[in-house]
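Given below, in the form of structure tokens, are the structures.
Shared between the two complexes below is subunit A, which has subunit B as its partner in the first and subunit C in the second.
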Partner chain A sequence: MAKKVALLQGNEACAYGALYAGCSFFGGYPITPSTEVAEVLARELPKTGGKFIQMEDEIGAMASVLGAALTGVKALTASSGPGISLKQELIGYACIAEIPCVIVNVMRGGPSTGMPTGPSQSDIMQARWGTHGDHAAIAVAPASCQEIFSETVRAFNLAETYRMPVQILLDEINGHMRERIELPEPGDLEVVDRQAPPVSPDQYLPYDPSFGDVPPLAAFGSEYRFHVTGLNKAADGFPTTKAKLVDAEERRQIRKVEANRDQIEKNEEYMVDDAEILIVAIGTISRSARHAVNELRKQGQKVGLFRPITLWPFPERRIAELAGQVKVIIVPEMNLGQMILEVERVIKGACALHGIGRVDGEPISPSQIMDKVKEVY
Partner chain B sequence: MSKRYEIRFSGAGGQGLITAGIILAEAASIVENQYAVQSQSYGPEARGGASKSEVIISDSPIDYPKATLVDACLALTQEAADKYVDTIKPGGLLLLDTDFVKRPPAGDFKIYRFPIINTAKNDIGRAIVANVVALGAMVALTGIVKRESGEKAVLSRVPEAFVELNKKAYNAGYERVKAILG
Partner chain C sequence: MAFDYDKYLRPGKLPHIWCPGCGHGIVLKGLLRAIDACQLEKNRTAIVSGIGCASRLPGYVDFNTLHTAHGRAAAFATGIKMAQPHMNVLVVGGDGDGVAIGGNHFIHACRRNIDMTYVICNNFIYGMTGGQFSPCTPTGDKASTTPYGNPDPTFDIGKLAIGAGATFVARTTAFHATQIDKLIAEGIRHKGMAVIEVLDDCPTTYGRRNKFRSVVDMMKRFKELAVPVAKAATMSKEELDGKFVTGILHREERPEYCEQYAQLVKRAQNL
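Showing the complex of A and B:
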């Protein structure tokens, strides 16, 4: 049978992807350009016994998501820059208490309330370092509506697999644009569900490192009773200041992502095999770059595109490899130079590096990228 | 070689131009199985202010989702006509509302005009369907989707009680432009 198709907005595709993944709780506070995620879930969640709650503000929304996620359900919130800034304290809480959840950030200009209806990619670094303290981070940055659906499903899988918050970065353009998508049937995409602890309630420790870097999370409120805190904690979940325990705990939480980069990282490479010029771009701007690559190839220029789909952890090994092959890397991004800092860090001067930054509320166009290529190479 | 065709619906916020773009994208991608992307830009105002909706239609996957050089543009207000005509492809098409764009912009494009909003108001009886009149007109002007595909997409979006109204509006726009094209 032919697949069901629909013309969906990116934000709508995100909401349907969350439902496909088994999300049954949304706690949010409306904000342009993310509101359609909440609108779809406010309509759809109650139909299947899920819960939608509009909280008093973004902080409350994030708190509700953590509470729901602890009880064993898959929980989502969606916001934009100003709201994501407010959520940072609780995103840090999710990191240290190891609470799986998914946070959508449909990026708009900033800082502060910035430009609500303009596109932006200026939260790239916030997605990595927005909350204080050492912590691992996973963020995905899909480009098309179809990919927004599938990456939302994957974001939930990553959250459950690594027991941590995962961010989905969209922007005003791909959040609001509509494309035809094929709606996957159950079973078409992998869905990872949380596993119950393999021990009885009286033996359960919520952060027991003998299970490996990702200890199983029991449902809070069930017969498994445990303590949750934002303080550094021992295996039993109670606060500790013992140097050895704190150090081991902090390192385990970084390692659970670092040691699994191969499972987490996902990139797309387009015409890179013989490329002398490499464009590194994410989300909507990767689509401008792809257009530019196609046009420049017609003119005989050896240009390729590298597109991180997993933005964090940053695909440093592959970019470093490609820096040894190409002569120039160009990083177009809708901010004044964020991802380029990461590229600069990993290529260690192996090739020339140029950025294109734009913050006027308009996307970087294919011709802007083509002009830059001609200017530098 | 891929064939990329870009259409822009422009006017004022509240005229239903985003909806017109969505319906055209549905006609192309759901009814006809072409590739289509619809996007929009708008100000923070819910009503008024220049508003545009863009649809890219292609026979292959679409990379850049926004307009680069517009093949066909609709403008329902003077402000939109003045603001958005600068990216029309040389030799492209521009459809204007005769009553609301008194000063047609100059440029290397073919201008077509008829009273779009007043056709909806006077001939169909409801100004609110001006966007559907405009959609029918743009389908006739561009030929980018079949007449029936556009109509099917319009009708699949409207409640039963408004089917006849919208059918009339769509076909009025289509016929007006066909008559102009001769």
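Showing the complex of A and C:
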């Protein structure tokens, strides 16, 4: 049977992906260029019996999402630039209290109000480090509208599997561009639901490490009653300052991502087998890079593209491997050098490294990437 | 028969962190008596707080409890209530938590008239951080950050809540312990946003700096300055200056937010 197709904007595809994943709560606050995610869900969620609330600010939006998520529902918020900055404290809350939720960041330039309608990839580091304290991070960076749909579904799956906030990084270009997408039927894409605790309520501890690095989360309102705090806590969820417990808990929360990189990481490699020059790019700019690779190949240049689809945790093992194979890595990104820092950290000087940064509100074009290749190789 | 608080206290979680003479314990007991009077089912009840001494209350009681971030309790609670309208949602927290850093969430929860009961423990000070002034510290009083006396005007939480749209607003004090549970119970039974302000004492960081030599002095002040609503109606503005009007300050019927949303869902589904 032919698939249903639709012409969707990236932000719309994100909203429909969330619905496909079973999202039934959205708390938001309008901000360009993310607002269409909220607008679609304001229209669609009530039809499915879901809840949409426009909160008084982004902090409130994030808080409402966490409150809802604790009652067992899949919850989403979407924002950009200053709004994501405002959410940071509660992103940390979601990390330490281990509350699954998804945050869409349609990146725009900054700092501050910056260029609200211009594209940007300048929240690469914010997505990794944007809250205080040590914490793990998962972020996905889809490129096309089709992939925005499926990565949104995967983001919910990762949030539920690892019991933590997961960010989806879009930018003004792929958030607003329209593409034809095939709408998956139920069952086409995997949807992971939260598991009920395998023990009776009187045995239940919300952070019991004997269940492994990701203890099951019960729902407020079920027969499991429990306590949640942003303080460091023991297995029972109550605050502790015992050095051993705090240390073990903090390490577990980082290990649950580190030890599962194989399940979380997702990359696309394009013409890398014989590549001497490797371009590492995400999202919209990976599309320019792909175009540049095709053109340069026609000219006989051995160029390949490595595209992290899971941006965080960063695909460090594979990039380090490729650095041993290629002579040069080029990192084009719509910022003044963020992902390149991570590449630099992982390749440890194994090959030459060059960046292309752009923050003038224009995307990095294929010819800009081709020029760079010619300049350095 | 004496009230059985143990029925609602989590085993092994006491002693609490509060100083001797702190008013927050009086609010805790009043809250539990109110919950008992309303026969709230533990599994269906969530108690949410922010950060501060008052906000430590949920950790001691056997419900679904959520100790959030400073000022954000009302917004977390809104998410819980929206997602599960059948749950009883209560918020507890301090004056600083509720109407300084959390002021925006507080007024918008009032405006929505979402069905929750917000118990705000107003001890006129940021207790937990050692006694800096809050928006509720009386003008002229001493706090660690107002060594020359507080230059700021003071919030009237009751007026703020009424102005923002809360449909049940009441005030009492830690001295009037038996009124605490009655007003909280009224608030729980009320359909819509109920705000119950309890004036309580922080002997450690507020009393000490402001010439209340003992907790008894602070309680005396509550006793002397409290004026019941009915009596206040007979008094002039001048006579009421510096007094605390206590009792039910405001009550009205207005559509509740989750019920309104349920109507919206029906409209959306009949498209």
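Here are some notes:
Please note the rule applied: the second predicted complex is superposed on the first by the 377 of 377 C-alpha atoms of A that agree within 3 Å, B and C clash if a C-alpha of one lies under 4 Å from a C-alpha of the other, contacts with A are read in each partner's own complex, and residues count from 1 in each chain.
What we mean here is this: contacts are C-beta pairs under 8 Å (C-beta built on N, C-alpha and C of every residue); 3 or more make two chains touch, one makes a residue touch a chain.
Computed from a predicted model, the values in this text were never measured in an experiment.
When the two complexes are overlaid on their common chain A, residue A:R180 makes contact with subunit B while staying clear of subunit C.
Applying the stated contact rule after C-alpha superposition, one finds that A:R290 touches subunit B and leaves subunit C untouched. By the touch criterion defined above, A:A259 reaches neither subunit B nor subunit C.
By the document's definition of touching, of the two partners only subunit C reaches A:E223; subunit B does not. When the two structures are aligned on the shared chain, A:L336 is found in touch with neither subunit B nor subunit C. Of the two partner chains, subunit C is the only one that A:G60 touches; subunit B does not reach it.
In the superposition on chain A, A:S365 contacts subunit B only, with no contact to subunit C. Those residues of subunit A that touch subunit C in the shared complex are 24-25, 27, 43, 46-47, 49, 51, 53, 55-57, 59-61, 63-71, 73, 75, 89-90, 93, 220-223, 225-231, 238-239.
Chain contact summary for the complex, subunit B toward subunit A: residues 22, 25-26, 29-30, 35-44, 62-66, 68. For subunit C in complex with subunit A, the touching residues are 10, 13, 42-44, 46, 48, 51, 58-59, 62-69, 72, 75-84, 86-87, 104-105, 107-108, 261, 264-265, 267-269, 271.
By the touch criterion given at the top, residues 5-7, 32, 116-117, 173-174, 176-180, 284, 287-288, 290-291, 294, 363, 365-367 of subunit A touch subunit B in their complex.
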